[in-house]
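Below you'll find a set of structures to go through.
After this come two complexes, each holding chain A, first together with chain B and then together with chain C.
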Partner chain A sequence: MTKVDTNPVDAPALLGPWQLMWRKFRRHRIAYFSLWLVGLIYFMALTGGFLAPQDPDETNRRGIFAPPQGIHFFAADETGETRFQLHAKSLVMQIDQSTMRRSYEPHEDKIVPLGFFVKGYEYKLFGFIPSTRHFFGPVDPDHKVNFLGADRLGRDILSRIVLGTQVSMSIGLVGVIVSLLIGVSLGGLSGYYGGWIDTLIQRLIEFIRSIPTIPLWMGLAAAIPLGWPPLRTYFVVTLIVSMIGWTGLAREVRGKFLSLRNEDFIIAARLDGLTDWEVIWKHMVPSFSSHIIASLTLAVPLMILAETSLSFLGIGLQPPIISWGTLLKEAQNIRTIIEAPWLLIAPGSMIVIAVLALNFLGDGLRDAADPNAH
Partner chain B sequence: MLGFFARRLLYMIPTMFLVSIVTFVIIQLPPGDYLDTLAAELNDSGGLDEGTMQALRDQYGLGQPMYVQYYKWISGILFEGNFGISFEKNVPVNDLIWDRLGWTFGISIMTLLFIWITALPIGIYSAVRKYSVGDYVATFFGFVGLAVPNFLLALVMMYVAFKYFGQSVGGLVSPEYLDAPWTWDKYVDLFKHIWMPIVVVGTSGAAALIRIMRANLLDELYRPYVVTARAKGMSEFQLLLRYPVRVALNPFVSTIGWILPTLVSGEIIVAVVMNLPTTGPLLLRALLVQDMYLAGSLILIVSLLTVVGTLISDLLLAWIDPRIRYQ
Partner chain C sequence: MTDPILEVRDLDMHFPIGGGFFGKPTDIVRAVDDISFDVMRGETFGIVGESGSGKTTLGRCIMQILKPTDGSIKFKAKDKAPIELVGGEKDKLRGIWRDIRMVFQDPQSSLNPRLRVIELVGQCLRKSEGLSGQALADRVGNLLEQVGLRREFLLRYPNAFSGGQRQRLGIARALATQPELIVADEAVSALDVSIQAQTLNLLQDLQEEFDLTYVFIAHDLAVVEHVCDRIAVMYLGQVVELSTTEELFADPKHPYTRALLEAVPIPDPRARRGKRAPVAISDGSASKTGCRFASRCPHATALCQQSAPPRKVINGADVLCHFAGEV
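Right, the complex of A and B next:
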C-alpha cells in the first residue's frame, strides 16, 4: 500500500471569479492606467476647493482674458543670488488705445512666490469641513495667478475646471444609476417573461433609438425654466441625459436573461421552489453583474458628452453652475477662441481625457469580464 | 419580399404616430406659450393689453385643451400639408424649413458616404495587418474620434483653419457668395467649406465603424473557407474582397439604422457652432423663444426622415443578405 500524502503542500490557490477578473484586468495596461486616471479625476471632484488655487466665482478686472502663467523654478533673491523658489511672473496689462485690445506682458522683476498648502479663499472640504488651505498656489492670498489663464471676467480657469469636475463627473454617475434602474428592470422584465411584454418593451427601445436624440433633448431641455434653482436644473438635466443610457443597457440585460433562462442552474433553482424574484436576484443578476459594471462604465462617458453638448448650446446647465459644458460655452465663437485659445483648450482637453480614460477602463473591464476573451 | 416590405411599412404607422405625440408633448412642455414670451418681450415698450392677447390666443388656437390643439396641428399637416405658422417670424413654417431640411439631409448623407469611404479601407487594413503600426494608429484615432465631442472638434478645426490657413470659417459659402446665383465658382467655394462639417460630424461614426469592421473581419479571416480559397491559389487581394469582406460588410448597411440618427443629431449641434444654414440654428432659436409650431415641425420631420432611413437600411439588408428571412 502506498502512502497517500494527505496534506499536499502545493495545493493550487483557488481564485474566485472576481479575483480572476482582476488578474485579467491588471494585464490590460492601458485600462489599468485609466483606472488610476479615473480615480484621480474623481478624487479631484471630491476634494474640489482644496485643489483650486482661487475662488472660481471671483472676478478680476485686471485679469480679463489673462493668458496662462507658467511656473518657474529659480529666482534671484534680494542679494542678487539665484536660488530655488517656485514662482510665476506677474503680468502687466496693456491696452492698445487704437484697437482697444488687451495684451499682457510678463514682468521680469515682479515675481509671485508659489507654495504648497497655502492659505487662500475659504471653502468647504468634502462639502462640510470649512478650510482655507489650498494644495498649491500663491503664498500671499492677495496675489492672483492663473495657471490656465482667465476668462472674460478674469475668473481663474484652472479653479473653474476643478470645480466643474464635480458637476460633470457626478452627472455621469447619477445618470448611470438612473439608467441602471430603468435598464435592468425593463430589460429584466423583457428577457425573463418574454411574450408580449418583451415585444412591447423591445418596440419601445427601438422607437427611442430610431429618433435623433439631440433634437429631442433640446426640446426637453428647453422646457426647463430659466428661473429654477440650480440643483433642480441639475437633476432634470441628469434625467434627460440618462434617457440614452438605459436602452443599451436594457438590451444587454435582456440578452443575458434570455440566454440564462434555460441554463441548468436556473431551472434547478426554480425547481427548488424559489420565487421569480429570488431566482432573478440570487442567481441571475450575480452571474452577469460584471458585464453590467463594464457597460455602466462605458455609459458614463456618453452621459458626460451629452451634458457637455447641452450646456454648450445653452439649454442644459446654466451659468451660475460650473460644469465643463458651461465652461466651453464661453468659447462659443471663433473670435473669442482666437483671442483666448485656453478657454477652449483647457476644458476641452479635460473632457477628452476623462472620456478616453472611461472608455479604456470600460473596454478593459468588458474584456476582463468575458471568460472567452483572450 | 413584397409582403416583408408591406409589413415594414405598416409597422411604421404606429411609430410615426408615437413620434408625432412625443413631439407635440415636448413642444407643449414649457410653461406658458409664445404669447407669454412675446408679452414679456414687449413689456418694456408698453406691452400688450388683455384684449389683444386674447384675440391673438383665439386666432392661434392657444389655450384650448391639449388634444384639440394636437388634432388641429396634426390634421393640418396630414390633410393640407400645412405645418402652421412661425410665431416669431410671422410666416408659414413651410416657407422656412424645406431649404434647411434639404441641407441637413444633404450633409448627413454626404457624411454617411464619407464614413463608408474612410471606414471600409481602414477597417480592412486594421484587420488584415493586425497589431501593425497602422493598426495601432487607426485604433488610437478611433478612440480619440469617439472621445471628442462633435462641437469641440468643430471649434478646434475652425480655430486651426482660421489661424494657420487663413480660411474664412462658418457658413457653407464665403460671405461674398451668400446671395449670388449658383455659378461654378460658388460650387467650388461650397466644397471648400462643406468638407469641414462633414469631417467633423463623420469622425465619431467612422471611428465606430472602423472598430466594428475590424472585429467582424477578424472573426471571418481565419475561417476554413478562407483557407480553402487560399489553397486553391487565389490571389490574396481577390480572396479577401470576394469572401470575408463581403460577409463582414453587413454592419455597413445595418448600421445606417443607428448611424443616421446620430448623424442628424451631430449635424444639428455642429451647425450651431459653424453657423450652417441647416435646421440646427433654426431649431435652437425656435426652442428658446417657444416658437412651438416651427420647433415641432422640425423635430417631427427630422425624426420621420430618420425612421424612413432606418426602414431603407432594413430593406437593403434583407436584399443583400440571403440569410435574412422575410418572416
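Right, the complex of A and C next:
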C-alpha cells in the first residue's frame, strides 16, 4: 500500500488496525481454538479421499449396520509375544433367524493390522492428483474397517463424513460468497445512491425476510427437476440457501455506507481530490471490511444448517451426493436409530462441531473488529 | 489587504424537515440565511456563534461539501480569474480543493484510522501532483517538520498520536497542496487549553510563512480574539454583527454579541462583573417575521417581534438590529 521500502527510516514497530485486530482476536481463547478447528475441517474437505480410509461408495454385504470398531494398540504375534501393533478386531456377523436381525461380535484372534499412509482405493488428491495412499487405514486394502460404523449398505460412515465435509462446507462457503456479492452490491447501491433505489431495495429485503424460510426453500427446491445432474442440483441448492443470507448483509452494508458518507475522514478524502470510486474502495470498504468478514463467518453455519435441513427433508441434495444432510437422512426412522445410533451421532456431532466452531470464530472476529469493545 | 479572496453573496442553505417517500416536507430549517461577506487576502476571518447557529454549515457551504440552496461564492486565487463555486462540477471542484483546504474539528474522526501518515497527508499530493515513492515521502516528511512533527512518523497510523499531534497532521494535510485559503472548522475546540495555544501559534506562524488566509470557525471568543482580524457573529443562520476584532470586543453593538461577550468567564475568582441584562435561554424557536433574537433579547419591543431588522453600519460594523447603537 505504501512505499515502505523506499524509506530510509526504519519502520517503527507500530501496529496497524489489522494487526491490532489480530492481537485482540488472539486473546479470545475459544475463538482462537475455533480458528484452528475450522482450519482443520476445511483441510479435511480439501484433502478428501486422503483422510477417508475406504471408498465411501463401496457397499459391503457383510458389513450392513456394522458397529464402530475400536483401535487397539497391542497384539500377540506368531510367537505369542505381545508387541505394539495398531489393529482393529475383525467382526463376525450373526443373523438371528427368527427376527432376521444382524449382530456383530468382535473376533479376538482375527486382527486387522492398521497403519499410516497405507494403500487403498484410488482417489484424486485435491481433486486432480491421482493417488492410492491414505492417511490411516488397514494395511491390507482388502480388509474393511469401519471406525464409525457402517450404514444400511455397509458403506463406511467415517469415509462418507469426510467426503460429505467437502459438499457441506463448500456449500456454506459458496453460499456466503453469493450472499456477499448480492448483499454488498445491492446494499452499496442502496446506501450510496439513496432515494427511490434505496426504498425499492429496502422494501424488497423486507418482503423476502417476511416469507417463512422453510416453505420458501421447499418451494424453490421442489422446482428443481429430478433429472438434473447432481452437480447442477448442488449449485441450485447453494443459490437457494443464499437467497435469504444476502438480505442481512445488504442491510449492514447500507447502514455502513450511510454512516460513513458523512464521516469526517470520508469528507476529507473527497476534499483531497479522490474520485467517488477511490473514496469507496480506499476509505469506505476497508473501514467496514472487518465487520463484513465477521458477519460472513457467522453466516457460514447458517448456510450449512440450511443445506442440512433441506437435505434431511429430502428436498435438497439427493443421493448419490454425499453431504452431512444426506447422511443424516439415513437416520430418519426410529428403527435405524435404535439399531445403528452411529448413523445419527457421527454426522450429527460433526455438524454441531462445525457450526459451533464457526460461530465462536465469528463472535471472536466481531469482538476483535469492534474498536469499542475491550 | 483590501483585495478580497472570497466573496459570499446572499448565501442560503435550507434543509427540509420531515417528508419522505410520500408527503411533502413540513418545515424548513434556514441554517444559513441570506449571508453576505468578503474575506480579504491574508486576513483571519472569524465566524463565531453558539451551537446550531449555522457556522459549520456556512463553512461546509464555502467548501462545497454542502450544496447551497441559493446565492453565490466567488473565489479569487492569486493571478487567476475569480471562480464561482456554487453549482460547480465535481472536476472543477477538485481543482479548487487544492487552493481551498479544510482543517476539521475532530482530529480523531477526520483521519482514517486505517491509513498511515504518509498516505493520509500525501494522498492529495498523489492525486494532484502524481507524486509517489521517495518523492512523496520527502514532501510529506517536509510537511511534517513544518507542523512540528518528526519525519520518522511517516509510517505510523493515526492511533499512535495524541490529539494535538493529530491536529497537526490535519494541518499538514491541509497545507500539502499549497493552498491560499484554509477553512478551519473549530480547529482547536477539541484540544486542551495548552495544546490549543500551541496549535494557534502554529497556525499563525504558517500564515506568515505561506501567506495564507484563514476562515476560522469557533465558539470560543477568547480564541477568536487572539487570532482573528475580523469577526462575524452568527445567530440562527444570520450574521448579526460583523466588525473588526478591536471594535467588536470594545463596543459590541448587537445585544446577542454583548450577551456572548459577557458569558466569557474571567479566570479570576475575585473579579466580579456588573449585573448583566438577563438573556433568556434559547428555546430553539425563532420569530418567523420579526428579529430572530427577539424572544431572548432583553431590549425587545413590539417592533422587533413584527418586522425583520435592517442592516445598519455603525463605526464600520455591520449590525442586524432595530436598535443598534441605541441600546
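Note that in this section the second predicted complex is superposed on the first by the 357 of 374 C-alpha atoms of A that agree within 3 Å, B and C clash if a C-alpha of one lies under 4 Å from a C-alpha of the other, contacts with A are read in each partner's own complex, and residues count from 1 in each chain.
Here is the rule we go by: a contact is a pair of C-beta atoms (placed from the backbone, for glycine too) under 8 Å apart; a residue touches a chain by one contact, two chains touch by 3 or more.
Quick caveat, the model's predicted, so the values are computed rather than measured.
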After lining up the shared chain so the two structures overlap, which partner does A:T199 touch, if you call chain B first and chain C second: first, second, both or neither? second
For A:A66, using the defined touch cut-off, is the partner it touches chain B, chain C, both, or neither? Pick first, second, both or neither. neither
After the superposition on A, what does A:M169 contact: first (chain B), second (chain C), both or neither? neither
Quick one: classify A:I351 as touching chain B (first), chain C (second), both or neither. first
Have a look at where A:R209 lands relative to chain B and chain C in the superposition and call it first, second, both or neither. first
Look at A:P17 in the shared chain and tell me whether it touches chain B only, chain C only, both, or neither; answer first, second, both or neither. second
Regarding the shared-chain residue A:H283, is it in contact with chain B (first), chain C (second), both, or neither? second
Which holds for A:A88: it touches chain B only (first), chain C only (second), both, or neither? neither
Tell me which partner A:L271 touches in the superposition: chain B (first), chain C (second), both or neither. second
So in the complex, which bits of chain C are touching chain A? 21, 63, 65, 94, 97-98, 101-102, 104-106, 109-116, 118-119, 123-124, 127-128, 132-134, 136-137, 151-152, 154-157, 159-160, 173
For a test of understanding, state which residues of chain A touch chain C in their complex under the given definition. 1-4, 6-7, 9, 11-12, 14-17, 20, 196, 199, 263-265, 267-274, 282-283, 286-287, 371
So in the complex, which bits of chain A are touching chain B? 207, 209-216, 218-220, 222-223, 225, 301, 305, 308-309, 312-315, 328, 331-332, 334, 337-338, 341, 344, 348, 351-352, 355-356, 359-360
Complex interface listing, chain B residues touching chain A: 15, 18-19, 22-23, 26-27, 29-31, 143-144, 146-152, 155-156, 158-159, 162-163, 169-170, 257-258, 261-262, 264-266, 268-269, 272-273, 283-284, 287-288, 290, 295, 298-299, 302-303, 306-307, 310
